[in-house]
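Here come two complexes built around chain A, the first alongside chain B, the second alongside chain C.
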Partner chain A sequence: MDSAIEVRGLTKRYGEREVLKGISFRVPKGAISLYLGPNGAGKTTTFRLLAGLERPDGGEILFWDRPWSPEVKQTTGVTLEEPRFYPWLTGAENVEIVFRYRNVEHSRRHALEALDRVGLGDAAHHRFGKYSLGMRQRLYMAAQLFPGVRAVLLDEPTNGLDVEGREQVWRMLMDLAKQGVSLFISTHQVLEAERYAEYLVVLHEGRVAYQGRYRDLAMRRRIIVRATRPGDAVAMLARAGFRAYPGRREEEVYVEAPAEQLARVLEVLKDGGLHVFDGRLEDLEELYWRIKDDVQRTDQVEA
Partner chain B sequence: MTYSELIKLKRNPAGLALVALAFLFPLVVLLADRMSGENVSVSSSVQPWLQAPLVVVFLLGAYLLTLEPAAGTEKWLWTTPLRPERLALAKVTATALVALAAFLFAAGLFGSLPASRELFYGGLAALSSLLTVTWLSGLLRSFAGVLVASVIWSQAAPFLHSLLPEGIQGVAWSVLPALGLTHFEDAAHNAARIGAHVLYLLLAYWVWARRAR
Partner chain C sequence: MKQLLYVAWIKIRTDLAEQTRYPVQFVFGLLTTGAMLWGLGIAAARTSGQSTETGALATFIAMGAVSLFYLIPRALAGGKDHPPEEAMLYPYPLSRLVGALAAVSAVQIGAGLAGIYLLASLVVTRSAPAAGYVLAAMALALFSVAGAGLLVFALKLVFRKVDSVAMLAQLALFALAFAPTLDRSWVAAVPLAGAIRWLRQPDLPAWPVAFFALLWLAAGLWAVARAERAVVDRGVAAYG
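And now, the complex of A and B:
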């Protein structure tokens, strides 16, 4: 895999608290990679280290095999925490200034184009101070759409956006990825990872719990059925050659089988005279909790 | 880059208020003198045409180099190829341009242009002050800090200077900031003065270049 970003053994400690415990991962070129983890997992710390705002205690970060430097910054955009723009200037003026910081020629024209791409064309000449939260987030993204951009790091870009705003941002990000821009996006929203991630890095308590293609992770999803008499359901499925066991909730049965076996599982239960009132694939959030439990178990064994 | 600084300034309420204050400063001094009683007079040791540019340097210069980066530019310094020393140069240039406009405004207001020799030394004085504000702002990173440090130094330095042995008072006067550093018309210590400016220029470069690294 060709990497846009490579992180090796990254550690960061604040006083007694070890926020990142030697994490390593790769972000592939030209794909949408999501950095998934709950609040406090260390996502923003990782982004601050990637963007050079803080120094790691240990480890290495490489962008196209080079450390963070003015040359790397020339082709890499970063949105981190809240946007910092001048409230008394218009959206277009603010983006134009950032493009000038990047030595972009014809910065005014490119700024207007970038605003169009994020759906702020009509508000380009309105003052930033009058922008809504969603517009501010989109303007922050427009400031990263400079000519020659190769990678963009986005820390929780859809935070605070409504459904429409989120959809607009994701559409724009998918367009960018199609143009070959490598995107590394942090989120705590599993649904976003499920919908948009091509590649996934899952962080849990300062450790990488999973990294790889979303497709490979999705293949690990179990089938979950809810049926009357779950004990009988487990036995019937076992007789049919499935690895099944009782779930966490009442009437729930987990089946270790790929997605294409769902219809067959339902058929076995129906033929056995059970009333099945739910049959589906495990969602990413459930899978996430399972991965998290695995990491915790490993930690306990190591301890 | 200077253009960016001017764009930012054009609608910045705080920046424009400081510019207005600086432009009107000589007028305020004049009106205060007119309105004062018979036994009181208000005057400045600096010519009216130089008052406005110097106030621009100390107020707007310090503002652009401290408060404004903290508000808007700091994060961009880390995440874009923008070099801090280049940003500082753009802010210094923008301040110098506004100071020039302030000079023209004051000269027009009072209807008198200084002689070319006076203008030359006045210009050098303003540039020298701008250099001091640049490294002081880079060191303190605080608008209030720069203003307070400037006021305290201007009051304390003459006293401290008087405590020095007589033999070195002349040189000390010419190399210490905000004392004789700007008095280029006093040719006796110009070599030391120019040397001090080179050192302050290097200091300004150093404090700004090490930022965001």
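And now, the complex of A and C:
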């Protein structure tokens, strides 16, 4: 895998609190990579280290095999938590100023192109102060789409957006990835990772709990059924050659089997005379909690 | 460097454009400041040929220098529009950007004041008495005060709530420029006061004042670079 960003053994400590505990991961080129973790997991700290706003206590960060430098900054866009622009200037004027700061020639033309790319072409000449939250986020992204950009780091770009705003932002990000821009996006919303991630880095309490293709992670999902007499359901499935065990909730049974076996599992239970009232694949949030539990167990064993 | 000066020019021009959002205040501010500067300029032009009566000229120069001192710590818009952390993402060090902002502001203020002074001199005396001497004093004042302004910027980057300290320092600068201690030798090291002391006593050699002006500037630039490193080490820019 060709990496746009490579992080090796990154550590960061604030006083007594160790926020990042030697994390390592890779962000592939030209793909949407999501950095998933709950609030306080260390996502923003990682972003600030990647963006050179803070110095790590240990470890190494490489962009295209090179450390963070003015040359890397020239090809990398970064959005922090909140868009900040001149409210009395138009969207186009604001982006033009940012491009001029970056020494972009024909900055006006490129600013208008960037606004078109994020779907703000029609609002290019409206004042930033009049923009909705979603438009502000998209303008923030437009300001990172300067000529020559190769990677964009986005820290929770859909925070505070409604369903429509999130959808617009994600559609735009998918278009960008198709154009070859490497995107590394932090989020705490599992649904976003499930829908849009090509590559996923899962952070839990300062450790990388998973990194790899979303597809590979999705393959690890279990089948979950809810049926009457779950004890009988486990026995029936075991007789049919499935690895099944009681779930956490009442009437719930977990089956270690890939997605294509779902119909077969339901058939076994129906043939056994059980009433099945739910049969589905484990969602990413449930899988996330399972991975988190594994990490915690490993930590306890190590301790 | 050319790119940085260009960026600074855009930044200052954009910040100025903000003032036009409130046209009444903008015009009122222009008229009052213009009238005051013009009055001071006339007074400065009338007295600057007489070495014993440089009070008006010193006030005129102090006005410009203290304005520059006020502007530099606010060079990055009080942390709202382009806070230091956003500027740190651009492909050049923050210290150079702030240095360029200070230089462009100093040139603008210096050119404005020099223009008013020369114009006032021509109107009042039909000549520009001791223009070179006065402009040199103005340049020295701006240099040393730019250094002090950069020091305050550095402090603001690392510590919160430096604004009140900066305000006091601004008053102190004004007071020191006219303090009775002007006859003491250490005054040459005080930003602004040294330049004004030199202006009021033409027999003083220029080099100590120029030396201290450059020293302040170097200290200011070093402090901003050091503050940027400290902020990256510590993780939080205290600005804004």
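Things to note:
The criterion applied here is as follows: the second predicted complex is superposed on the first by the 303 of 303 C-alpha atoms of A that agree within 3 Å, B and C clash if a C-alpha of one lies under 4 Å from a C-alpha of the other, contacts with A are read in each partner's own complex, and residues count from 1 in each chain.
By our rule, a residue touches a chain if its C-beta (ideal position, glycine included) is under 8 Å from a C-beta of that chain, and two chains touch if they have at least 3 such contacts.
Given the structure is predicted, the values throughout are model-derived calculations rather than measurements.
Overlaying the two complexes via chain A brings chain B and chain C into a clash. By the document's definition of touching, of the two partners only chain C reaches A:Arg55; chain B does not.
By the touch criterion stated above, A:Tyr14 is placed in contact with chain C alone, chain B being left untouched.
When the two structures are aligned on the shared chain, A:Phe85 is found in touch with chain B and with chain C. In the superposed pair of complexes, A:Pro70 makes contact with chain B and with chain C alike.
By the document's definition of touching, neither partner reaches A:Arg290: not chain B, not chain C. Of the residues of chain A, those at positions 51-53, 70-71, 73-74, 78, 80, 84-86, 88-89, 97, 100-103 touch chain B in one of the two structures and chain C in the other.
For chain C in complex with chain A, the residues that touch the partner chain are 3, 6-7, 10, 14, 17-18, 21, 80-83, 85-86, 88-92, 232-235, 237.
Interface of chain A with chain B (complex): residues 51-53, 70-71, 73-74, 77-78, 80, 84-86, 88-89, 93, 96-98, 100-103. Remark: chain B residues 1, 3-4, 7-8, 11-13, 71-76, 78-83 touch chain A in the complex. The touching residues of chain A, counted against chain C in their complex, run 14, 48, 51-55, 70-71, 73-74, 78, 80, 84-86, 88-89, 97, 100-103.
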